[in-house]
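Note that subunit A is present in both complexes that follow, paired respectively with subunit B and with subunit C.
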Partner chain A sequence: MSGDGRDPGRVAVIGAGLAGAAAALTLAEAGAQVVQVAGGPGATALVAGTLDVAGASPGIPTLPWRDRLRGNVLLPRERLALHRRGAPTHPYAQLFGGGEEIDRAEREIEAAMLRLAGWLAPEGLALAGSLAANRLLPSVPGTLRIADYALGPVAGGDVLTASELAVVDLPALEGWDARALARTLAHELDALGLRKLPLSIVHPALPERLRGEAGPARLAAQLDRPEARAALAEAVAGLGAEGRVLLFPPVLGLDAHAPLIAALEAASGARVGEALAFPPYAVNGYRLQRALDAALRRAGIERVSARVRSVAGADSDRLALTLADGQGRRIEADAVVLATGRFVGGGLEACTEAVREPLLALPLYDGDGRRVDGIPAWRSARKGYGNEQPLFSAGVRTDRRLRPLGSHGRPHHARLFAAGDLLGGFDPSRERTGLGVALLSGIHAGRAAAEALRGPAGASAEPGGMP
Partner chain B sequence: MRGYRGFMREFARTGSLRALSLQLRTGAAHVVRQWFRRKRSDPVAQFMAYYGPDGVARPEAETRSLALSAQDCLVCGLCNLECARVGGAPAIDPRDAVVAASRLEVDWRRLGLAPEPAGACTGCDACSRVCPAGIPIHRLQAQLLAPGAAPASDATPGRIG
Partner chain C sequence: MTRQLRTRVLVIGGGINGTGIARDLALRGVPCVLAERRELGSGTSWASSGMIHGGLRYLQKDPEVTEHSCVDSGAIQRIAPHLVFRIPFLMPVFPDDPLGPELVEIGLEMYDRYVPLKNGRPHTRLTRAQALALEPALSDRIECAFTLDEWGVDAARLCMANALDAADRGATVLTHTEVVEILREPSGRVTGARLKDRIRGDEAIVEAELVMNATGPWAPQLARLAREELRLRPGKGIHLVFERRVSNLAIYAKGVDGRDMFTFPHEQNSMAGTTDDDYYGDLDRIDVTEDEVAYVLQAMQRSIPGIREHRVLHAIQGVRPTLFGFGAYEDELSRDYAIVDHGESGSAPGMYSMTGGKLASYRLMAEDATDRLCAVLGVGASCRTAELPLPGGEAKADLPALAKRFGVGLAAVTRLGFRHGARARAVLEAGEDAHARGRRTVCACEPVLDAELRHAARAEGLRKLTDCTLRVRLGVGACQGAGCAASAAAVLAEELGWDAPRSMREVAELAAHRWRAVAPVLGGAQVAAMEVHRHVSFGMLGLAEEILP
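So, the complex of A and B:
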């Protein structure tokens, strides 16, 4: 804050996902006035419930959810170290400095996760995990996924800390087949070389209303109600045993999931977990999005629900956003954080003529370091199923303060910052660090923007590390 | 399925040969029809002269823009979750409505597929507000019930945010 009586400065954060939320909350904590502009949720609302930060081990040609190196499952800390050595273009290189400072990366990840847990806690959404241990979480089809951090409801399904797993059968629910899940799970455990886990299927006697519900969304909404919660708790009473995990489909409530899971655990005596699922079961991503939205509201952050048409530098220390709201409304800001995502969020567009960044036409680089903006997407595609697609790593390049670079190689604007998937150089679908990058770069960009408001425009000093 | 032979075996086994013959017959019907219709200079008028009798109508600008916006659907299902959370119970789930609209531009009433008013969407825009692709889902739902009577157009959705 400047001493001449001016207001602390207004920052516009574009994007509603984890990167935008982390930047906005960090800026609000630093005393900035924040306006968040977003047309709707982004890719964060579509995640399965894990928050992967450590990454897969690079150069290992296995499916990304089977991190096996010489028969061993690597710890998250080891995967992070390997990943950082093997992926020099990954945004972690900008965030944590070069190569060897592995302790700093670990400290910053752990601190960032603590902050995220603090933002989510008031909504009852827990965050579990560490860099010191893996979690092995079953999905709805029965495959296993290695995770370091995960949201509470899915973390309960961890098979590494269970001595017995019972899959809850809900025959009417579409997409949920307890028998097939158990069978695939047994194969997966075998393929990973893990000890056999006693698997069973339990058939709770559900009340009529819940038994017939086929739609996962409607069942989850029904289970938000106290009487449905009590009925389900009664149905699972006595199904528990020491070390047993009851594996449910991810439908245990939309908003009231915490009291429901607590009631189920109390009634059954077992630990309760949800299976991982991607859309259209995407209930954990939805919970994460709602908890982040609530945290932003609690922090008093203004939300403008509109899509942005363009961003332009008004002068050396101000930028102006033009909204696509029909009236072409303008928002002026002293700094802007772009957290617009990639192809899902709309931060990158791949129309028939060309790939482009629609707000500022920033230069984009793919995973091989080639410039791809202005070139049709099909020209960058590699033929063949399963080939790595460099276009999936496309995004902007930034300096150490996360300011996107213009075509001349210098920051596009002194007070323009970028966070999340818009940062190029990594492929979130293969390397699985999407939410990790979103959280860490969001916090980092928020700090850098707050610092830019305090200091003179265009300051080129390196930002202080995150404590 | 291996090679052309395998394809043909699979094709015959699943009864798709029947579908193919139907398709050929329909195709032939169109060719025959085009011989006997008067030629016009305006291609659109000519098309309507051929197919108007089948109930094909020129889509209104509104219908067309809705169907095009539905093609941005990611099939993520957030609309279903939000609809269930606010207590909606439409006869056709919002996601299914979007998927259908993105593939077919049809008159639902004529096909007997339009939901009864009792099972209709209430028209709150909860689903549209959570849509990552910015699709006006509640307007699509309204159109299922009454084609051509969708609520007035909002701002054209962009793709950012």
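So, the complex of A and C:
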């Protein structure tokens, strides 16, 4: 059926996160018929609000807490170059090569970000950033995170472009402590030599029904309502000044965040930003997930909500998915993109006896190139929380076309591709390139799958690929 | 300038023995100082099963231990009813067990004689069908099963309650304070100790008429500071902690070597254990090994075939200060205790050491030790620790009323009532200033309220974030502190005046502390939880490697 030049071919993308969405949308744009299969949201729905591409400086996994960091803060494009040179196992090395093609990598990242911005914009979710400048974004506990790209609601909190920062106090809200945030932030700014930024805490008089809301997600849902939006805007009226940033907890609407932030900025006269936070404050992950889901719907991509039990190569150019839907339904496809994530997403499983890739039993490698499948998780766990933990850089290995390798070292199947956190060889927590890898590898895998559909199966295989 | 303290008794060690003795001394009006090197109850007391049971196991060889445990278990139920919970046990009998049901029942009938001492019910015999209906997790290979009654306790809070009462009655309680030197006269008489505060780094001299070494497995190390030899047969034990209840009842299991073990509901979790192996390693870095975990799971699997499907959260490990004995297997060693007078056994008059013993009979042991000390000091007052309630045990708290009055969920108040008893109201009141922030939930796993942290800092001498794992069970649930460490540190920073770097250090130490507990048993859904944990630590908090211990 496939490869006859008329039938576009059918591709199954497994996974609902950013990597799966990027692959599915790229394939749809290339004219393929796409079915996305996912049991539920994955790690994308838990993100704090930044879309890190360049990540942290290699060897400096976090933004320096202390002043020894000063001078070490590189521009995103400089960090990216270090990543590519210094980390041969990082998926970027596969995507961009380890050589001197830095301009191509930068152009590709910028183009990918523009496409992502286009996918998110219809839901009112903005994407801000560049490889040429750092943003410094405060988190809920008050630490500062370096970022290249970020979602609109958190991008407003950038302290590098603020002349004054006012933390909004909401005393009943769980996990939000304006005084603690300000105290930690003052220290962070001082350590970075940014002590001149005036910091204050403001206490807007909230209406009663908003004041008592203790759960962040519940407050965010309340604030989707136009009356609540108007009431909060009224409460912050006059709190603004030239160059002032009002820093809120990430509760400024679940779905209607754009009109709320616009209303708050108009009423206060200040720029409005949200602090970064992981669960339970995962509203930015929720927003990103919602916007991606909407983009997939707009592109007419079929969505099957079920967990996949297994994937098998039916023959050299077809694969079959068996669903864990109680009926063992099968989906046949001319190509498959695995974007199933790691442990949170379910792309990797840690059973009592062993870590494994549950769909195809693909071999898994840690950051040192050692196999970690077939042995229990605790055996890969090293002493010392801060030490490198190979278990958390475990994933599949691929060829340049992002086809996962089988234990023989060749692609497992000519038309099986992988993207996102499932790719091993990097530690998303420490290196902070998780969403960058998801977006770029998702687009790459989508393109590679589309190419595979265009040519006969044998011709798309690289030397060493499946015959 | 080095601080000077003068007291009558210096008690070293803040486990159940040290805090029990300090309370007994304080109740008899004897001034004392208690010095604990880490956190109260953080050694063997915390690593115990938290059961104040009679010790059916000891009935054959140590009937006295069984009797003492039962008597004292009854006393603990009287003085700290809020900390104690009933644990009904199921003892399955398998067709291949060497003792058939009849012989097992004879043992249980003997045990029944002691059971009334601790307010337990006599055993019952269940058919296979009855047992399986009662506990569906049980293996269907069983022949029949017996029930018996035991009691559990929050051991860390029991230490805390003893220390609090001692402090309320005039004792000085110093945590994170270690003994760096035992002071002696030229005659050899022990006259006190030089202490070092491990957080502030400053030193203090405590002059005391008597020194009580109640450091459990560390007792030989401490005795060596006075150039005294003390022998123990230290026995390491581990428990596995499951994320939720594996079974409603505690269930006996047999190890491959025939040893008795059990899994039992404990607080929000189930625990399984324990092992008993001679231990000669570093007492401050006790590792949980692959062998131990496999041994415990293998035993549990015989009684509960599905045990491996359950998520193991973390392991706890400790070392028993068992009395020295040569030529016996670990399990056969006596669980009795001894009080050593170093004036008689060696050449350090004025110093005493306590060795051996059980959590269940701590109060009786403390009474015996305090009697000895008081006899030397010429104090005639008698022991009142079995009559006077521990802090929180004075009355029953009306938890639903408190939940309503303070606008806090009943689940959180119930946990508060369990840890603080009648003092739950005082805890909630501690959170009423500062815009009623105290009502907020800091840790959702347990749950722990902001107010409880403030109370711990103000009224219980809390000094470190890692101490919260024992005091309020913060950071020991499914998320292992990912969701609460920064918020909890912010509360404590406000109460204790921590600056930002100190707060971050505390958060980093908690992360390292939890990783040590989780890593040896890491598997299943906990791997995903730790993936999130690392995202929070490195991705958001920016915990730099150098501050991770």
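Criterion: the second predicted complex is superposed on the first by the 439 of 467 C-alpha atoms of A that agree within 3 Å, B and C clash if a C-alpha of one lies under 4 Å from a C-alpha of the other, contacts with A are read in each partner's own complex, and residues count from 1 in each chain.
Here is the rule we use: a contact is a pair of C-beta atoms (placed from the backbone, for glycine too) under 8 Å apart; a residue touches a chain by one contact, two chains touch by 3 or more.
In this text, all values refer to a predicted model and were calculated from it rather than measured experimentally.
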Could you classify subunit B and subunit C on subunit A, in the superposed arrangement, as clash or fit? clash
In the superposed arrangement, does A:Ala314 touch subunit B (first), subunit C (second), both or neither? neither
Kindly classify A:Ala217 by the partners it touches after superposition: subunit B alone (first), subunit C alone (second), both, or neither? first
Based on the superposed arrangement, let me know which partner A:Ile14 touches: subunit B (first), subunit C (second), both, or neither? first
First (subunit B), second (subunit C), both or neither: which does A:Leu46 touch? both
Decide which partner touches more residues of subunit A, taking subunit B and subunit C as the two options. C
Regarding the shared-chain residue A:Asp325, is it in contact with subunit B (first), subunit C (second), both, or neither? first
Is A:Leu114 touching anything from subunit B or subunit C once the two structures are fitted on A? First, second, both or neither. neither
Figure out whether A:Leu359 sits in contact with subunit B (first) or subunit C (second), or with both, or with neither. first
Can A:Asp255 be said to touch subunit B (first), subunit C (second), both, or neither? first
Which partner does A:Ala266 contact after superposing on A: first (subunit B), second (subunit C), both, neither? neither
Of the listed segments of subunit B (5-13, 113-121 or 131-139), which one clashes with subunit C in the superposed model? 5-13
What part of subunit A is shared between its subunit B contacts and its subunit C contacts? 43, 46, 279-280, 344
The residues of subunit B that touch subunit A in their complex are 74-78, 80-85, 87, 89, 93, 95, 129-134, 154-161
In the complex, subunit A touches subunit C at residues 43, 46, 48, 61-66, 139-145, 171-175, 177, 179-181, 183-184, 186-188, 214, 276-280, 342-344, 348, 350-352, 355, 376-379, 381-387, 389, 391-392, 428-430, 432
Which residues, counting only subunit A, touch subunit B once they are in their complex? 14-16, 37-43, 45-46, 215, 217-218, 220-221, 224, 254-255, 279-283, 286, 305-309, 324-326, 340, 344-347, 349, 358-359
Could you please specify the touching residues of subunit C with respect to subunit A in the complex? 290, 293, 308-309, 435-437, 439-441, 444, 482-483, 486-487, 489-491, 493-494, 499-501, 503-504, 508, 511-512, 514-516, 519-528, 530-532, 534-548
